[in-house]
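In the part that follows, the structures are each spelled out as structure tokens.
Here come two complexes built around chain A, the first alongside chain B, the second alongside chain C.
Up next is the complex of A and B:
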């Protein structure tokens, strides 16, 4: 009862804290992106491959680039506060709508990656850590090291060569079969088939991190006093591992996962590019090179919100794993 | 008995078909099939009446028609206009318009749409239209099937800018009285073209379905065209190999992969269909600053560049040496001449060294004459390799170059606003006519700080200015060609930039699809005649 109330109060407090943090992030982001030379009008006209001075003036005026910086900042702040993230002149769409259409695929890829990488990472790390320096440990450690050290884009391309070109089991890229326009369950299956390669590519890298972390963590825990106590109580190794060691060893994994969410958004740019996955990383990447600042700031804002939210969730998970950690 | 070509042209003029001779002979088209194109990068919008960005044109030409299309002799042929006549003084052009054409929303197309499109949209907002239609004063619509263009000076180049890609006809009914730059029909386009816009999933694909009411009877043959945007070059090649995509134009398939892919049965490539683009790979000098204010230094560097080496080793053979500002693609209209100073000579390095000595830049103790920074245009890997080549070529004549590579906005700002460069690689297209593609790069009135892809070298001369002005209003083709010959001679002598080579774009396609490249507009064509062999 009181635990639930504490938890609710804690979450409320953390959310309130998030507001000034977000404002700070928004301001810093705004200043940072305006440091980049060149502007959206240059790029748009540059892409057109031709322009007249009249055309450039029209663009600058339309984008508000003829306004002083503080006016642009206040405009932007007003947009953020009202949760209207502004308009992407380049894409001819409100930023909010653009991000909304891309958030789904990103969350799908991220979610699958987190589940796959943590699940496999914890399992393999546990297998390696419980029998250190055995053949099993060595095989797993080498596998993790290779996965970690291989560049993402290369893994992606090799998977495409093997599974899409040679075996023809899976599509090379995209999220749906373009020529088919499936609906209903056929569409779900289609998306799942397209998800396989990007999710594996991205998961391999993060899995490697979790394997190494979990292995180290298990090694540390298995010599702790409570393990000796449990063993002297006559518990089986299996019970000790699953009931005691696993829980304690998982804390660093949760911490890492919280931090990784932010990285995952950035790291997926490579995978999104290689597999043509329509996610938010690619959107941000394109926005940067087009100096589409409204869109770029919008993506940053959503990413910041996501990271803050995930970290609150992580802190709550801590207390579930280890009741000694109190919410304050 | 008329020959086959004349017969086809008659047919084309009557609007029954629009195919150059060789394309008709390829079996009988069947209806059906989906063509998947890869477009690079994803278009920012579909408003081709507001932006000339290449990727937009690749799709917009499927749903917007123009008054004309063009044949491989770079002559206008009928599209929405069935015929046209120009008055003796060249100041009035009367277009007869096709009867019974409907927009995708079912409303009829008429001269009012033509009047509105040219006067209220293209002349005001189109990046090139503002210039192309500068002498267009009014469009009269005496009846629904007649549009009369009134010009204050003759504008022979205007006739080259009437394709659905360059000057798309939009429906007046949906645009009149609205904010043209923020129209809700920008990304929900309504045209008269062979394919109708259906949906755009950002980051994934665009879908266009067959327009059953298209004005060419029995066309289009395809049920659907889908455009995809795969960011990674290797993945695009892989998708071409697995036939997930069937068509990639404008270098969507990287040059180094073309040879490998076209060895696979069922995949082929062509460099036709870019005759109205004519890109030229250049090295631009900043002629405002030392040492490039000296024509001898500019000539020296022009002599020092081995064009053939660059084409063969960096662009995998997709190009031919350029002789001057105007591409040899203009040979059919007589505008091009190769009778200019020739920098592409075997003893170029020797000539260069001699010129630099004369210009007062002798080799110092360490063998160098002076140092420069060489900017590389940020449009892909080839350009970086080209930059490395230039560095080596300059080293041979005693110039030490440091390479600088920045992103697109930074580079544009440096070259066209800050003028803070010495020598940069670049590429500009000649486009459909010198007035559109050449004036912007060499005229004094095109030195416009802050406007991109205009005269960035800062060079101009009263003689060449006059030649360009005269040629713009000269309606006699022979006299006009002569003016451009004089122009080429003078500009090549002054060498404000180095014309390295005429870049050839390459289209890679799935050979089950026929009639893909039937005009000089290539990928910018409507694809009404494309069909798939079962």
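Up next is the complex of A and C:
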């Protein structure tokens, strides 16, 4: 009971802490739009050159550009707080609704990537770290080193060439086969087939990061007193590794996974662009292409909110894994 | 210094990385004298395959792929180095002030650093470049703005621990000014950590630049590896090598820099070696 109450209070405290960060993001958004060459109405709508003078006048009125800067700032702030992220003139839809329809695919891709990269990263890091400088360690370490240096978009394109164009095992792009009209489990299977390549692409870099971290962490834990104790008790190396070292060595991975959420969203812009995966990353790319900056600002704001939420979830998981860390 | 060089040279991976990096720098410097016409000039028929008249073939417009690669090296290295220098400057100033003075200033600066770490950095870089319009300068600015926090945290930690060391306390007791203590006694003692972190930042900056230019956010007057991949993407089925080759260049460069960075880390912090 009291644990549940502590947890609720902790989450509330963390949400309150997120307010200044969100304020910073909104302020940065506002500053960027106003720092840009030309005025905000040009930036927000006119860059493609298709705007008529009448339309610009409407926009200027709408953005209150005749008002002093601080009034504009407060207006902008009030809009964001009431979750009004403006209107995308290119897509003909409110930005908020546009993002809402795209959030699901991104969350699916991110979730799969997190599970895949942490799972494989921890496993390979453990295999490498328990037998340092062996052939096994060297193969895994070189694989991690190369994956760590490879640009995501390039991995994606090469996987498309190999598995979609040459071997024809998997689809090149999209999330569903539009022509097939699958329902039920057939649809789930279809989405899963489309998910394979994007998820592998996005996972590779983070997996490499976790392998390196896990290997170092295992090497550090190997000489700890509790391992010596376990060994002197007569436990097998296998039991020591899987029951004791694994749990302790995984903690830095959880921390790092929380830190990487923001970067993961950045990476998904690239991966969704390569694979035509209909999430907020592809939306950001399309917004970029159409010079629809209002939509781009909205995606950035929602992505930041997502990062903050996921971080809170990660911290709660952390306290469940390691009871020594109290909820503060 | 000699001991450092010996330790570095004994690390075979780091040494190999160093040689590769040296070769890339040499090619980047020699670029304009190798290809007078520049990377955008039409050299021959489009889609010539590699290993023919043109060593790496030509792209979809008939531009010489090798020339693009050589000029791309200049762009990647320039942006990687400049963005890292800028980020390092920001990180050292912010982390140094926070670590040396502590207290409320430390608290405030570290809160800002944490906030910047929470922001989805690549998305923010996209925003900055898109709004300020793509050019070498805006790309450098955007990458620097998103990559200083780790440097600031590192410098803060080093400054905090050095601040309490006896030799620094002695300087303060002697009445030395803060700026003299910081510049002459504290900063020189964390240069090696700054170099290690900085070298790895260069690799990340090059990866970020390539991703930005892949998405079309690069200076339109400058050739870059990410742009080459992005432009060739529509012809993946017909000429996959046009995407493959610049990607390999990015991979090799980033790998070499990472190896050098790891080697520097081992050579400069021998205590940390496993």
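The rule is simple: the second predicted complex is superposed on the first by the 277 of 328 C-alpha atoms of A that agree within 3 Å, B and C clash if a C-alpha of one lies under 4 Å from a C-alpha of the other, contacts with A are read in each partner's own complex, and residues count from 1 in each chain.
By definition in this document, a contact is a pair of C-beta atoms (placed from the backbone, for glycine too) under 8 Å apart; a residue touches a chain by one contact, two chains touch by 3 or more.
All of these numbers come straight from a predicted model, not from anything done at the bench.
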item	value
First (chain B), second (chain C), both or neither touched by A:2	neither
Contacts of A:161 with chain B and chain C, given as first, second, both or neither	both
Touched partner set for A:102, first chain B, second chain C, both or neither	first
Touched partner set for A:53, first chain B, second chain C, both or neither	first
Partner chain(s) touched by A:303 [first = chain B, second = chain C, both, neither]	second
Chain B versus chain C as contact partner of A:132, first or second or both or neither	second
Partner chain(s) touched by A:183 [first = chain B, second = chain C, both, neither]	neither
Touching both chain C and chain B, counted on chain A across the two superposed complexes	36-37, 43, 153, 157, 160-161, 165, 273-274, 289, 291
Residues of chain C that touch chain A when the two form their complex	111-112, 114-115, 117-128, 130-133, 203, 207, 210-211, 214-217, 226, 229-230, 233, 236-237, 240, 243-244, 247, 250-251, 254-255, 258-259, 274
Chain A-touching residues of chain B, taken from the complex the two chains share	34, 36, 41-42, 44-45, 47, 51-54, 125, 127-128, 130-131, 181-182, 186-187, 201-205, 207, 224, 226, 228-232, 234-235, 238-239, 241-242, 244, 407-414, 416-417, 428-429, 431, 436, 440, 448, 450-454
Touch list for chain A against partner chain C, complex	20-21, 24-25, 28-29, 32-33, 35-37, 43, 132, 145-146, 148-154, 157-158, 160-161, 165, 216, 219, 259, 262-263, 265-267, 269-270, 273-274, 284-285, 288-289, 291, 293, 296-297, 299-300, 303-304, 307-308, 311
For the chain A and chain B complex, residues of the former touching the latter	36-39, 42-56, 58, 62, 90-93, 98, 101-102, 105, 153, 157, 160-161, 164-165, 168, 171-176, 178-179, 181, 272-276, 278-279, 282-283, 286, 289-291
